[in-house]
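Presented sequentially are two complexes of subunit A, the first with subunit B as partner and the second with subunit C.
So, the complex of A and B:
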């Protein structure tokens, strides 16, 4: 905690490394994750299978890693899409004002009026369920709060003396947006992007858990946990505990990295 | 007073327009779904044994060839009179199913909502007042962990510990199995609602606590607290901090309605609790579009109602807003 800059950098590198290695491991283990071995079924955690095995003798560590890598990829894609949507919509609302602003604010309120889970369920049904249904659902439901934030920021920047001055000096509109506005928004945007990540992963897992995402043979944390529900009363605790813990770990890493970045980039808390 | 009335009416009109938007977009999303109304309503097997004339009659009944706009208007005119159509899964009017399910969920949601608010506010102020010391670090770490935890997994863990391992709480449902509805006692109901309510409130608390903490820190850094300290005032936390934290706390509390309902969808699924959330999942998985549409609209009413209540409460709590709102 001595140096917030170094500390933040450390967390971002750690989160990045974890992201890459989990994606890589998941990709490599994808084949093995579905391999059944009935001689090895229902084993509690042991050195050969640190996360135990399930009723088909599938290694839970492999399934968890494969599922986590899927979650991380979906989370990354959806966070990027929704952050970009937030930037465009929030920026447009503030820059154009008038009816554009009213319309975008109205749509934002509308999307916020339906709980995320319900909205993702609706969108995934519209897309015929499946992985893409969930991905589109998560991407389309998470931009609202960041869009509001960016709208407020751009509104404030519009009146800023340095922008007024640049315009009076004859800087073209495109350059004004590119060099002055976007650059100034970058910190908020990046923090928002990283902080979207945990939400996106959690909602992807939740909707998959409910059964709207993938088919049962595909490895996904939500599927694994939904399956483990059937074995709760028979005492196979490892089926639910370890996959869930790994998900929490991954989510927390990004939440921590994003939170630190936010504190560092806001002048009020940078020197805390 | 007249200004307050105007303000309320303006908000109500906006709310009505938003509800119209919610129902229309939900309707369009369902219309886009690749679900054949005949197959979802009757089933593949029954369809195969029908004559073309029967099929044509059914297609007309389910409005296969009617344009979406016409169907939406028909639904809307029914909905305005309280008729939300018939649920395909339960074969009963949607309004009836929703009121039954909401009746089962309402105490769960209300207690979780209240508990989350009280816990969040208390922990947030406590953490803010002890900034940098161990209570702050502990509360922040706990909140971060909870907000990184999917609520359904938390529910699974609690089930494993309290129902399977310790065996002191029921494993699911809202009432004991094999008991007639008339014989169920209140303690039994409470016992069954305990774990779901606890899960929901713990999940909802983290966000409120973290935001309240930030606000409490801001307040404690302000000049008026500095002056109050210099004058040797006592009870600063209750007289100054708590009062100034109330406003954002109201926002957070009413904004959390949507989250609590969203969480209940997951938590009710884990605990097999027969509430509104479970009905939403069943409707989504079973292609029961009228019920899902009804649930979406009812949920939006609750969320927008919460926003409205927060807007009105600001005026009650803060005299500055009461006067300021009169102008805008």
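So, the complex of A and C:
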């Protein structure tokens, strides 16, 4: 028990620190990331430029950090928006039932039925691409599975004898929601929120990589990877390797933190 | 006060077969203690849920002094003592929170039921069913209580605890003129506790007019 708690806390602190420092560093380095220095172009990794430089002499470490920072911010925003949408829609479907439930369940099935990438590309194009296009696209396509989970949970809670009893004992509706419903939904909500984070980052990067997302002058990981494709055959491996690895690293960190949080919050495995 | 269920018929959503409660009537007055014995699966628990206002009957109505039970807001004068105490308390809340959630419970009731202060710091999974059932009973015995429906409420307890709980409940019922409906398979308990024992068939017959056959055999 202590091991898992310590382990989870460690991962969450690590992920939180990484998130903050990357966002901060990316913000500070944003100006420098675009600075070209043609005297230093195409340098392989060296002490002055640990990640090397590109064909315009831009430092790849700065570009990668700025790109990750952008990804983390987009990921955080979209994960928060879609988790909140899932909570509201799933909760409303279960609480009201009837046609509200039918409508929300139908929309959920509809959004789930379309492949994510396709939906994000369509929404992104419709919203004029760029940062907001991708953000809206990812946010609008990622709430479905969490909404279903929350709907099921609320339905189950609605029938629970202890809630029926509390209501007949005169506990007010607001207190029922605050003391009972939210308390029971918190583990699913938190786990869903953290696990949505890496998903959102990856989708943002892949849509940008495909050319439907952020614009080329922005230092996004997807842009860096897409550009590096043209230079891989000329032997400039560092252009793709380090940005790619750091993206995988960031995503893994959040996936592992989310998985540990899920195990800790689930009563069946919390004491293992 | 009089609690009356009239011609109650109820079927759960998407349930097939005959309704578990079909044309059942029951009248319970303050101070009266009715015992009900019937085989398993006959609809005793469903009847209790209807009388306590947990479900709305598809036909018939539940009246408290000639007013529909659904009109009562806040603490309902008719309380159900659920047969599984571990389902009757929120597993994620400390019992102190659960106990006082709807308003503070009188110290005398806690002492009379032998509820220790240390229990209130714990979570439901850390207490036994008997201890949980005492907490449920203490909650139900709020000042607004007029009728208590005990659905197999002491089946999980040892005999000594049963005797303690029933003697406390009976003294409360006498003192406060409560009406009790006691559902149990235990004939000796019903004999001892109740002023009247009825069978399921009597409840169905009392509501069918002459000439029509009862829905539940």
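The working rule: the second predicted complex is superposed on the first by the 270 of 272 C-alpha atoms of A that agree within 3 Å, B and C clash if a C-alpha of one lies under 4 Å from a C-alpha of the other, contacts with A are read in each partner's own complex, and residues count from 1 in each chain.
In this text, a contact is a pair of C-beta atoms (placed from the backbone, for glycine too) under 8 Å apart; a residue touches a chain by one contact, two chains touch by 3 or more.
Keep in mind that what you see is a predicted model, and the values were worked out from it rather than measured.
Contact with neither subunit B nor subunit C is seen for A:142 once the two complexes are overlaid on the shared chain. When the two structures are aligned on the shared chain, A:262 is found in touch with neither subunit B nor subunit C.
After overlaying the two complexes on the shared chain, residue contacts for A:165 are found with subunit C alone; subunit B is out of touch. Once the two complexes are laid over each other on the shared chain, residue contacts for A:183 go to subunit C alone; subunit B is not touched.
By the touch criterion defined above, A:49 reaches neither subunit B nor subunit C. Touching more residues of subunit A than its counterpart among subunit B and subunit C is B. In the superposed model, A:110 lies in contact with subunit B only, and not with subunit C. On subunit C, the positions that touch subunit A within their shared complex are 52-54, 73-76, 79-80, 82, 84, 87-90, 92-93, 97-98, 101-103, 136, 139-140, 142, 144. Looking at the complex, you find that subunit A touches subunit B at residues 106-107, 109-110, 112-118, 121-123, 125-128, 198, 202, 205-206, 209-212, 225, 228-229, 232-233, 235, 237, 240-241, 244, 247-248, 251-252, 255-256, 259. For subunit A in complex with subunit C, the touching residues are 160-166, 168-171, 175, 179-180, 183-184.
Per the touch definition, subunit B reaches subunit A in the complex via residues 17-19, 21-22, 25-26, 29-30, 32-35, 144-145, 147-153, 156-157, 159-160, 164, 171, 258-259, 261-263, 265-266, 269-270, 280-281, 284-285, 287, 292, 295-296, 299-300, 303-304.
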